[in-house]
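Consider the two complexes below, in which chain A is the common component and chain B and chain C are the respective partners.
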Partner chain A sequence: MKKGLGLRSYTIFYLIVLYAPIIILPMFAFNNATTVAFPLQGFTTQWFSEMLANTNLRKALVNSLIVSLSSATLATVLGILAARSAVRYSWPGKGLVMGSIMVPLVLPEMIVAMSLLVLLLAMGIKLSLFTIILGHVLMCMPFAVAILTSAFQTLDKSLEEAALDLGENAWSTFRLIVLPLVMPGIMASFLITFTISIDEFIIANFLGGGEPVLSVFIFTAFRFPATVPPVLALGTMLVAFSIILLTIAEYFRRRGVAKAGGKDSGGFL
Partner chain B sequence: MTTSDEKPVMIEFRDVHKYYGDYHALRGINGTIKAGEFFSLLGPSGCGKTTLLRTIAGFEDLSSGVVMIDGKSMQDVPANVRPTNMVFQSYAIFPHMSVAENVGFGLRRDPRSKAEKAAAVEEALEMVGLKGYGNRAAHALSGGQRQRVALARALILKPKVLLLDEPLSALDKKMREHMQVELIRLQRQVGITFVLVTHDQEEALVMSDRIAVMFEGEIAQLADPETLYRRPNSKKVADFIGTMNFVPAEILSDESGKIEVEAKGLGRVTLDASQAPPARGEAPVIGLRPETLTLLYPGQVPNDQVVDGVIDEVIYFGDMTYYDVYLGGTDVEVRLSMRNVPGRPIMDVGSKVQVAWSPEALVLFR
Partner chain C sequence: MANTPTAETRAGWSLVSVPAVYVLLMLAAPLLLVFGLSFVGLQGGAKVALPLQEGQDLQFTLSNYAKLFCLSASESCSSTDVRMAQATTTAMLRSLFVAALVTLTTVVLAYPVAYYVSFHVAPSKKALWLFLITIPFWTSYVIRVALWRTILGYDGAVDATLGAVGIIDQPLNLLQYGTASIIITLSHAYAPFAVLPIFVSLEKVDHSLLEAGQDLGESRWTTFLRVTLPLSMAGVVAAVLIVFIPTVGDYVTPELIGGGKVPMIANFIETQMWKLRNQSMGAALAVSSMLIVGILALIFVLANRRFLGVRK
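The block that comes next holds the complex of A and B.
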């Protein structure tokens, strides 16, 4: 028997299980049939035009982009502040505060969603996209803080001292030295929190107050056979979009690593 | 080495204390650094030398006391406006910038034109021997080159004081020795005060006009290299600087500036008061440097005192040989060094020898 055959076949099997469902998606998105079943019937772009014509879908898409961009931006900005403070300064109760930021990572999302719903209703806050964003920031913060903490940790403190020593103040040092050097971490945090937010369903469903976002729309659409193929087209576009986004992010990350003279130890891709 | 007595004071420490929580890192530092001086803070790791350097730069808040630079108190003066610049141990070269951008970083707020600044950068690079390296990426440089960039970057602002935090520790031996000479040359050229932190006593002796030896947050001795080497003020300093033999001794009499001692293995000897630093209440020992002891070869006439000895160990160093010798039939062992010149064969272990020594080279610690 050839050496390593066992491991090799395991790897191939693993990759098939992982990616076959995603390959199925575009296959049926271009399939000229209303039912999702083999054999394939022929090529069509009908589902894509149908999808683009669907006003509800377009609205859900816009809503999702608003929610995800806002959540990712907020979580990353707050994450920068938290990570910077955790890495550089010591203050009373730091362990407790940083620990509580990470808690949503282990809490069942259903519980978080229900508690938030009860709380928001009790406070008399109307459910809207804004309440989804609040929930998503809560869920995204642990990821943003984890990624950004490691980015700030790799930053040599004497670089900042050198900038101060050469006449810069705290803010210009942050802008000229810290920010450019942690930029790959910021990009990674933004992309990952964006991804988490855009496919999140439970909080979006509980706190949306009738404002549909993509995940909720897809869940609803899948219950009616007629709307399944356009949803597959939508999924295909989302996958393509993700691949493009991650490729761009990886390009910037590698360029950042090369510019900083570091050894590439594999990115978030 | 220049006499620094008549030079004006550049830096003054007035009872500087620094606590990290309960840890007392600096325990009442007093002393002055003169203008234009090459000054070293020397000590083992954890002695507070880097902390003291950072109090000059403004990176450490003092618990009490004052640091004065050029006659002005640096209390409440932040690092970015102090007339000091620093070369960091890690060099702290900004990895996302070119060599020229690194060197010119401090000129960002300079009102001069772009062309004038570029000329200043090129001049600074030339001074450290990196002419034409401006467009290189900073991360593509070798250790020695990074250090030169750090130097150019700090010197371009023409500070009153240049602070160097163990700048040579990351270099290999050859490069280190080369850079020592370059730093001395550079200091003479620019004429500004250099304050160097190092744990390498040899480096401090080679480079400095004056040295402060630090132990456990205190300055143990502040003196020029020769005084430090020939007349250390404590056993601890003597042990830290170079090699020093210690021979147990008994004080017979101490009056009118003359101290009579019975040194084990050497016999009775009278010392001058200058050979005995202030008493610390320790058991008396005589200190002698290896090179002040000489093996007598057959036919040589001593002009010093002579004592019999037996060679216990021979350590060959190429240009030098170290001999560990039992003195005068006792169990007192000293190390002595002999230059290996023609006509001086290496002696064997067990040989009976004569050791010449001179009373002026002794120091008494008590």
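The block that comes next holds the complex of A and C.
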């Protein structure tokens, strides 16, 4: 397969370029120099200790955790309702409703953020962490619905019918049969939406009313050369954290596919 | 349980009602409000800054849109209006140009990757490859974009590598070429977006058609051009839209990479809506840019409709 070999080397090269920034990030986070330039100057953990000592950063971290945990939980709960409804029942208007839920995927984020901002201002709602959560749930829901729809689709309907025939009611069937089988999908959805929320910048910046969160902290720090090295240390930890979460999410997704006895056909979406 | 159509409909609707109402309140209502705001103004042409103060009455007006077309000075256009309209037009054209080049780059570079994973990777390994391709996309967008500053900038990775190999003796500092740096950064950031839809459409290609093509005397290359490529065009069209629309509206990259010197349309919308609190003007800008992007997307889909209709 000569043709396959060429394509293979191209794909590997493509992956290396794709990962280049993430590989360069820790190199400079541990680099003993105040400027971010090659050649590297030597190893140091100074930037990590400087970062951990920063009180603004700790505040931002706590805020980010509040926002991301709430957004991921709400988006996943709303996602379960929408995905279950779309997969299990047929009802008029399904295409329109499910399509609308997916719209934030194809709208530029600035449009979503600014329209929400205008609505909140018009209603006189004070901007806070809560308003960031409102926006993040909207942005995260399409991903939750996509993951959970495929989780519910792998579910064998005859299992539910069997439970009903054996005398369980609708709720206990859902709790005893459906929920355990889609649990890996729910975990995957939670982890993915958590990652999206903690990384999201535009809504966090404009709907936060000045409350610091991690992505805004990073954005601001990158504009001033003096604050760049500590923020590279922060970035290294965040990227490592994201990759760990995603790997766990992928594990749950695969386990879900295996549990339902399906064939693994691809990634999250 | 839900055996009659009405009971089934009721069950479906009651489940979906909460997320549906959420989207209605948090997405549909804000978008409608922006649309409405773009057509209103205050007495005497003062800017509309929400929330409205006591005694401010909104009136219907087309002046927000008219100001966007103030490309030369006249009785209705002050010199400030003209400067603003010209700068906005430049930013809009720049956004479209950047997004078009980014889309072309990502889709052309992504196609072989999607093709390789779909046609040459063992089915059990496909999920792993897709996972590897999508990981960078799930890590912080701001961090990835900001890192390109250190790669492209003075004495960054590009300068260091080319210098070490001996191709250049002076640092290039590619960052000084704002638009080019923005295109490179965005092409990198949106790469996985292009791979996934193309991969999905390639997975649906019936391999017996390819064998038939080769049995009938086509070469590998002509089979690809005449069978595989047309059958996967639906994925290419999806990839184009999924990359083009968000990149037109990108805000972070012009700020961090262009240093605010080469603004795109989202930076102008943000300036009006946020910095200047001129929300009806910002709304007109948002509506017009969405309209332009929408029309372009529609033309593109219609131009490719013969590929989209052939799928079973």
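Following the convention adopted for this analysis, the second predicted complex is superposed on the first by the 240 of 269 C-alpha atoms of A that agree within 3 Å, B and C clash if a C-alpha of one lies under 4 Å from a C-alpha of the other, contacts with A are read in each partner's own complex, and residues count from 1 in each chain.
In this section, a residue touches a chain if its C-beta (ideal position, glycine included) is under 8 Å from a C-beta of that chain, and two chains touch if they have at least 3 such contacts.
Remember, it's a predicted structure, so these values are computed and weren't measured experimentally.
Enquirer: Contacts for A:G167 in the overlay, against chain B (first) and chain C (second): which applies, first, second, both or neither?
Expert: first
Enquirer: For A:L159, decide between first (touching chain B), second (touching chain C), both and neither.
Expert: After superposing on A, A:L159 lies in contact with chain B but is clear of chain C.
Enquirer: Output check: A:L181 vs chain B and chain C. Expected answer is one of first, second, both, neither. What do you get?
Expert: Touch partner of A:L181: chain B, not chain C.
Enquirer: Scan A:F28 for contacts with chain B and chain C and give back first, second, both or neither.
Expert: A:F28 contacts chain C only, not chain B.
Enquirer: More residues of chain A in touch with chain C or with chain B?
Expert: C
Enquirer: Taking the stated contact definition, name every residue in chain A that is touched by chain B in one complex and by chain C in the other, in rising order.
Expert: Common interface on chain A, chain B vs chain C: 164.
Enquirer: Along chain A, where are the residues that touch chain B in the complex?
Expert: 156, 158-159, 161-169, 177, 180-181, 259-262
Enquirer: Which chain B residues qualify as touching chain A in the complex?
Expert: 57, 59, 78-81, 84-86, 88-90, 92, 94-96, 105-106, 108-109, 137-140, 153-154, 157
Enquirer: Which residues, counting only chain C, touch chain A once they are in their complex?
Expert: That would be residues 1-2, 8-9, 11-13, 15-16, 18-20, 22-24, 26-31, 33-34, 37, 50-52, 109, 112-113, 115-117, 120, 123-124, 126-127, 129-136, 138-144, 146-151, 153-157, 159-160, 188, 191-192, 196, 199-200, 203, 220, 241-242, 245-246, 248-252, 255-256, 266, 269-270, 273-274, 279, 282-283, 286, 290 of chain C.
Enquirer: Chain C touches which residues of chain A in the complex?
Expert: 1, 3-4, 7-8, 10-11, 14-15, 17-22, 24-25, 28, 35-39, 78-79, 81-82, 84-86, 88-92, 94, 97, 100-101, 103-112, 114-119, 121-124, 134-135, 137-138, 141, 145, 164, 170, 192, 195-196, 198-199, 201-202, 206, 215, 218-219, 222-223, 235, 238-239, 242-243, 246, 250, 254, 263-269
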